[in-house]
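Lettered A, B, C, D and E in written order, each chain numbered from 1.
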C-alpha cells in the first residue's frame, strides 16, 4: 500500500475503533489518538515532500500510485500530492486535531458524533490525495454528507432547516459538478482515444472549446458552492450558525477549501481555455463577494453570522486569487485557504467555547469578557487580527500574495477588480473590531459573566494548536509559499 | 564598519515583547518593566553607536551617505523581482529615526515604570510598548515598501492595543477602534499605492524605486489616468496612508481620541514616533515625489499646511490638556509635511526636506517632553481637564520647568530646538510657496499662543476652587518620572544645534545652510506675540478669554467642536456605510439571495402541492392520462418521422 | 430437447418444478404445519439463485421463441436474488394469522410471476413477450389484493389489474400494428429487427408497445397506478413490484431497444429522454409530500426508474451495463428500505413517517440499515447507489446529452431532500414515544444483512461492474 | 372475403371497437362494465391481428396464434378481475369505480 | 354475399360496442358484448379461420361472458340503472378516444408499404394443432406451455381471493 492511502486508512481505522468504543471517554481518546497520528503523519509527509521535492529532477507530484479499479471505464484509485495538496493535508490534520479537542465535551451520542466527524475528515483527506476524477468526487461526497447529521443532531437553533439547506445546496452544487466532471472525462476520453478519469491524462487532452465552455461553469460553480461563491453562499451563514463547534471548524476550516481546491484542480486545470474565456464573469462575482461578505458581516449581531459572512468574503478572495491566473495570486489563494482555514477554525472554536459559557452568541448581549476569560479573549483578538490581515499572522501573506499577484495583470479590468477586492480590508477591520470591542472589551455587562471560567486544558490545546499554526505561518510564509508556488506553475503555463 | 549589530536594535524589543507578552502574567510586574526598559536601553545604546559610526565615524563618499543594508532576506516571494524582504537599511533618515525612537522610547519606558505603577496590566503595557518599539524600528529601517507596510500595520496594532489599554473604559475602546479603522482606511490607500507603484516599477525595493537615475524617475510612466500619471496617483495614494498615520486633515480624527491611552503612550506613539511615520514615508520616497510626481508633492504641501492651521485653531479652544497637545502634534506634523511639500530635490533645493527631518527630530524631543510633563500633571491631579488645574508650578517644580522649556521650544524661541527647525521650514516655504508661508507664519503665532495658554492654565492662573476635587495635595512625581523629563528637556534645549544640513538631506549630500536672520527674527516675533497674548489672557484667571470667545462665537464654537469633522464621519459611517450599504447588503443577502434559494425550495414544494391531484385515486383518470399520453407519444412520433 | 437446453432454461424449469412441488407439499401436509412451507420456498429460491449464477451459454430454443445469453442469464440472476430477499422478508408477514393458510399460494404466485418475467426477458418472439408480461402481471395483481379483507388491498388489486389490462390492450394494439408494418409477417425478434424501419405505422406500433413497458416500469405518465397499488398492497408485494417487476421490465426494455428496435434509435432516444425527465421530476415532486412510507417509496422508485432510463437513452454498452448494475444495487437498496418498513409495519402496523421519529434511539440497527439504503437510493457514497447512479450519468455524458445529464443530476439532489426527511425523522427529530425496541425474526434480519452487505460491497467491488460490462452490448 | 372488402374497413372497425372500449373504460362506473370494456379492447386487438394475418401474411399464421393467445389472456384476466371485484364488493359494498379511491395523492 | 355479411357483422360489432359502453343496465351491456364477440367470431368465420372462431365463441362468449354475468348477479342488484356519466368525464373520454382513433387510422393510412398478399397456408384445425405442439420455427409449444402456467396461476389467484376462509 502506498504512503498516501494511510491518510484515508488511519481515519477509517479510527472510525472502526470508535464503533467498538464503550463510553464517551474512550470515544474521545480514540478520536484524539487517531487524529493525533494523522497530524503526525502529515507533518512527516510535509518534510518528506520537501525533501523529495528538493532533489534534482523531482516532479511536483510525489508519492504517486495508481491502482486500476473499474477497468472497463479505466477508473483507477490514483493518488499523489503536490505542494498544494500537502499544504491542504497539513491544514486539514491541524484543524481536525483541534476540532477533536474542541468537541471534547460532546457527551450526547458522542460515538456517533466522532464517527461522523472523522468520516467527514476521511472524505477531505481522500479528496486532497486523489488524482482521479472519480475518486475525487467520491471523497467529495463522503465529505459533504456527514455534515447533515452533524448539524442536524448536534446543532443548535433552527438546525434541521440549516442542515437541510446546507446539504441540499452543497449537493445541488455537486449535481452540477458531477455533470461537469463526467463531461470532462468523456470529452477528454474522446480526444485521446480512450476513456480516462486520471487527472494527469486528462490534462494532456485538449478538450474542445465548445465543451469546455459548458463544463467550466458547471465545475466552477459546482465547487464554488462549497467555496461560498456569491450568490451561492447562503447555506453558509445558516449552516455555520446552527452547526456545533467542531463542525463549524471543520466545515469552514477545511470543507470549504475543497471548493477552492476543486475549482483550481478541476475547473481551471483541466479547462484552461474556457477558464481564460470565462474568468471575467467569476472575477466579477468573486470580487463582489469579497466586499459583499465583508459588508454583510458588519451588520451582523450573531458571532457565527459575522464569521460566516467573513468566510464568504475570505473564500471569495480565494476564488478571486485563483482566477487571476498568476503565480503569486494563485499561490496566494492557497495560502489564503490555509490561512483562512486555520483562523476561521480558530474563530469558530472560540465562538463555540464562548457560547458554551455565556449561552449567547449575540455580540450586543456580551461585554467585557476580556476580564473574565483572558485566554479565550486574547486568542479571539489574535484570530481577529489574522482575519483582518495583520502582518505576522497568516492572513497577511496570503492576502498580499493575492493582491500583488492580481495587480500585476496587464488588463485594467483585473486591476480594477483587485482594487475592489483590496478595499475589503477596511470593512474587515470594521467588523472584526466591532465584535471585539462589543464582546471582549468594555465593562462586564452581565454580572453572571463574572462567574465564568476561562478555557479548560483541552480547549487550550485546541486553541493553541491553531494559534501556533496561524502565527507560524504568518511569521514564516516563504517555504509554504514556495512549496505551493512551485506546484501551481505547471497549471499556470497552460493559462498563459 | 560592521552594522550587523544594528539588527539587534530591532530584535531586542521583539524579544522583550515575547518574554513579557507570553510570561508577563507569571512574573512580578516590575520585572517585566525592567526587561522592557533594559532591552530598550541596549537598543538605545546600539542606535547611538550606529548613528555615531554612520554619521561621524565613516567616510562619506562622493554620493554622500550611502545606504547600507547589513541584512536583507526574502520573506515572501511573489515573482522574480517582486518579493517582500525583511531587512535593515541604514541611511541618514533611518539612522536618525533609530535615534529618535530609541531615545523617546527609552525615556517613556523609564517614565512608565513610575507612571504605570500599580496598574493591573503592567506587564501587558510593557509588552505592548516593546511591540510598538519593535514595529516602529522595523518600519524605519525597512528596505522596501512592503516591509514598511507590514511594520506600518504592526505599529497600528500596537497603537490600537495601547490606546485601548484601559479596555474596560468604553471611551478607550471606542477610541482604539476608531484609530485602527481610520488608519486602516488610510492604509488602503497606502496598499493600493504600493500595488500601483509595484505595477509600474516591478519592485518594492526602496533603493531601486528612489534611485534618481532609476527607471521610475527617468522614464515617467506614460499611462495616464484621469489626467495624472500612474506614478502620481500611486504616490498620492501612498501619501494617503501617510496622512492617515500622521493624522493629516481629513484623516486626523482619531488622534485626539487616541489620548484615551495612557499618557506615556501618547508621548511615544501619538507625539514623537508613530505619527511621524507618514512624514517619514514621504521622506523615504521623496525622490519619487520631487522628481516624478511634483503634483503629488503639491498635495502633500497643501494638506500639511491646511492641517497645521486647522489643528492650531482647534488647539486654541480645547480644554483637555492632552487634546491640546494632540492638536498641537497634528499641527506640527502639518509643518513637517508642508516642509517636504515645498522642498525640491538635491542640495540647497532640498532645504525643506532637511527642515522637515530636523523638525521631526526636535519635535520628537519637545513633544515627548510635553506629553510626559502633562502625564506628570495628570498623575498629580488625576484629571485631564484644565479646569481642575492651575497654579501647579508650586507643587510640581521640575515638571513646571521642563514643561516651560518644551513650550518655549515649540514656540520657536531661540535657542531652543524648535526655533532652528521651524525657522528652516519657514525659509523653505518662503522660498517656494508664499501662500503657505503666510499660513505657517500665522500658525507659528497660534502655536505659541495655545501652548502658553496651556502652560498658564496648568501652572498659573490660580483659581480658588481648582483643587477642590483633588483627593490630596498635588505633589511632584517620583524620580523615575522626572528623570526622563529632565533628559528630554536638555535635549529639547540643545538638539537644535545639530548640523542637520550636513547629515540628513534629500540627496544624502550635505549642503551649506544659511541662516536667514530676517525670517528668523520675524518668526521669533510672531512667537513672542503669541506668548504675550496668552500671558495676558491666561496668566491669571480672568473673563477675558470668555469675552473674546463670545466675540467670535461662531468660530469659537466651530473650533471647539473641532469643526464638526467627527460628526461628518459619524454621519458617513453610520448613515451611509452602515445603514446605507451594510444594512441593505445584509438585508439583500437574507431576503433576495437567500430568498431566491429558499424560493426555489418553496416553488418545488408549491408545484408538488399543486400537482397532487394528478394522483386523484380515480382509476379512470389514470386510464385517461395513460391513453392521452400514448396518443401524444404517437403524435410526436409522426412529428419525429416527418 | 437436450439436457443442455434444459440447462439454458434452468430458471424457468426450476421455478416451475418448485411451484408444482410446493402445490404438492401443500396437499400432503396438514394445515397446522403449512407455515413451514415458507422455509421450503425460501430453500427452493436459494437453490435457484445459486444455480442461476452458474455460467451459461448463449442459445436459442423453440425455434427462436426463447433465447438466452450471458446478459440475459445475469438479469435473471439479479431477479432471483431480489426475489430471494423478498421471500426472506415475507416470512414474518406470511406467518400472521390471516395469511398462514395461504403460504403456498403466495409462493406459487410469486414463482409463477418470476417465471413470467424470466420468459419475458428471454423471449425471442413478441408473443412470448406478451405472455411473459401477462404472467408477470396478472398474478401480481392478485397478490396485491391478497389481503382480501382489507379494502385497500382489494383496491390496489383492481386498480392494478384493470389498468394493466388497458395497458396491455394498448401494447397489443401496438403489436398488431407492428405486425402489419413488418414485411414478412413475423414477430420473431430477429425478423422484426431485420425488417424494422421508422415508418408511421411501425413507429406508432412501437410506441404503443413501449407504453406497455413504461407502464410496467411505472414511467411517467404511465405511473399513476404505482403509488396506490404500492400503498394498498401488502408491503412485500409492493417491494416485489417495485424491484423485481420493475427490473424485469427494464431489462426487456433495454434488450428490445438495443436489439429489435435499434434502427428506431432516433425515435426512442428522444421519447425516452423526455419520459426520463418527466419520470424523475414528477416522481420527485410527488415523493416530497408523502407521509406514508410505502407511498413514499413508491414515488421514490418511480424517480429511480427515471434515472434508470438514462442508461437506455444512451444506447451504449456502458448504458446497458449501468442499467444492470444499477438494478442490482437497486434491488438491495430498495429492498433494504422496504425491509425496514416491512419489519416495523409487521411489528407495529405503523407506516407513517412520524412514527419513525426517534427510531435511532430505540432501534439503531434498523435505522442504520434504513439510512444506508436511503443513501444508496440517493446516490451517496459509500453506498453502492453512488456508483450505480454515477455510471448511469456517465452513459449519458458519453452520449453527449449534457442537458439531460444536468437535469438528472439536479433531480438527484431533489431526491436527496426527501430521503433526508426520513433520515431526519429517525436520527434528528426527538420523540417522546419512539417505537419501542424489538427484534425482528431471523429471516428478516438475514435479508437486511444481505441488503446491507450488497449495498456496501457492490460499489467497491469493481469486478462486478467490469464483468457486467464485458457481457453487455450497445448499439 | 379477400379482395371484396378492403383491409382498411376491417381496420376501421377494429380501431373503432378498440377506442369505444377505451371510452367505456374511462366512463363506465361499474367495475364489471369496465371489465367488459377491456374485453372489447382485447377483442379489437385480436381482430386486428387476425385481419392483418388474413390480408397481409396468410403464409404464416402468427397473427392468428396471437389472437388465440389473446383470448386466453383475456380469460385469465377476466377470472382474476372478477375475483377481485367480488372481494371489492365485499369490502366496499359497491362496485362503483369512483368509490374505489381510498388511496390518492 | 360475403361483403354483405361482413358489413352486417361490422355493424353489429360497432353498434354492440357502443351499446356495451353506454347501456345503463349492466346485464344488457353484457349481452351486447356477447353480440360483439359473436359477430367477431363471424368475421373469423368469413376469413375461414374456423378454429379461431370456435375458440372465440366457446372461450369468450361462452366462458367469460357467462362468468361476468354470474358475478354481476352475485354482487349487485342486476336490474339497477347505472348512474349517468359526468359531462366532463365523457367529454374527456370522447376526446381521448377520437384522438386515438384518428391517430391510429392516420398512421395506418399513411403507411403505404403493404406488400401484396402472400400465398395462404393451411389454416385447418390440424395445422393449428400441429403448430401448437411444434418446437421448431413457427411452432408454438412454448407459448402454449406458458399460457397454461398463466391460466393455472390465474386460477390459483382467483381462488385465494374468492374462496371463503376456513375461520371466517
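Convention: a residue touches a chain if its C-beta (ideal position, glycine included) is under 8 Å from a C-beta of that chain, and two chains touch if they have at least 3 such contacts.
The structure displayed is predicted, hence computed values, not measured ones.
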(request) Identify the chains in contact with subunit A as well as subunit E, in label order. (result) B, C
(request) Name the chain whose C-alpha centroid is most distant from the C-alpha centroid of subunit C. (result) B
(request) Name the two chains that are joined by the greatest number of C-beta pairs in contact. (result) D-E
(request) Can you figure out the chain closest to the middle, judged by Cα centres? (result) A
(request) With chain centres defined as mean CA positions, report which chain is farthest from subunit D. (result) B
(request) Would you kindly tell me how far, in whole Å, the mean C-alpha position of subunit E lies from that of subunit C? (result) 30
(message) For subunit B versus subunit D, what separation do you get between their C-alpha means, in angstrom?
(response) 96
(message) Taking the mean of the C-alpha atoms as each chain's centre, how many Å separate subunit B from subunit C?
(response) 77
(message) Distance between subunit B and subunit E based on Cα centroids, please, to the nearest Å.
(response) 101
(request) Specify, in ascending order, the residues of subunit E that touch 2 or more different other chains. (result) 89, 92-93, 96-97, 100, 103-104, 106-108, 110, 114-115, 118, 138, 140, 143, 147, 150, 153-154, 157-159, 161
(request) Provide the list of subunit A residues touching at least two other chains, using ranges where the numbers run on. (result) 168
(message) Where in subunit B do residues touch two or more of the other chains?
(response) 612, 615, 617, 619-620, 623-624, 627-628, 630, 634, 638
(message) Per the touch rule above, enumerate the chain pairs that touch, sorted by label.
(response) A-B, A-C, B-C, B-D, B-E, C-D, C-E, D-E
(request) Quick one: which bits of subunit D touch subunit C in the complex? Just the residue numbers, please. (result) 18, 21-22, 25, 31, 34-35, 38, 41-42, 44-45, 48-49, 52-53, 56-57, 59-60, 62-63, 65-66, 69-70, 73, 76-77, 80-81, 83-85, 87-88, 90-92, 100-105
(request) Would you mind writing out the residues of subunit C in touch with subunit D in their complex? (result) 126-127, 130-131, 134, 138-139, 141-142, 145, 148-152, 154-159, 161-162, 165-166, 168-169, 172-173, 175-177, 179-180, 184-187, 227-228, 231-232, 289, 295
(request) Report the residues of subunit D in contact with subunit B in the complex, numbered from low to high. (result) 22, 25-27, 34, 97-98, 100-105
(request) State the interface residues of subunit B toward subunit D in the complex, per the touch definition above. (result) 612-613, 615-620, 623-624, 627
(message) Going by the contact rule set out above, which residues of subunit C touch subunit A in the complex?
(response) 318, 321, 375, 380-382, 386, 390-391, 393-394, 396-398, 400, 402, 405-406, 409-410, 412-413, 416-417, 420, 423-424, 427-429, 462, 465-466, 469-470
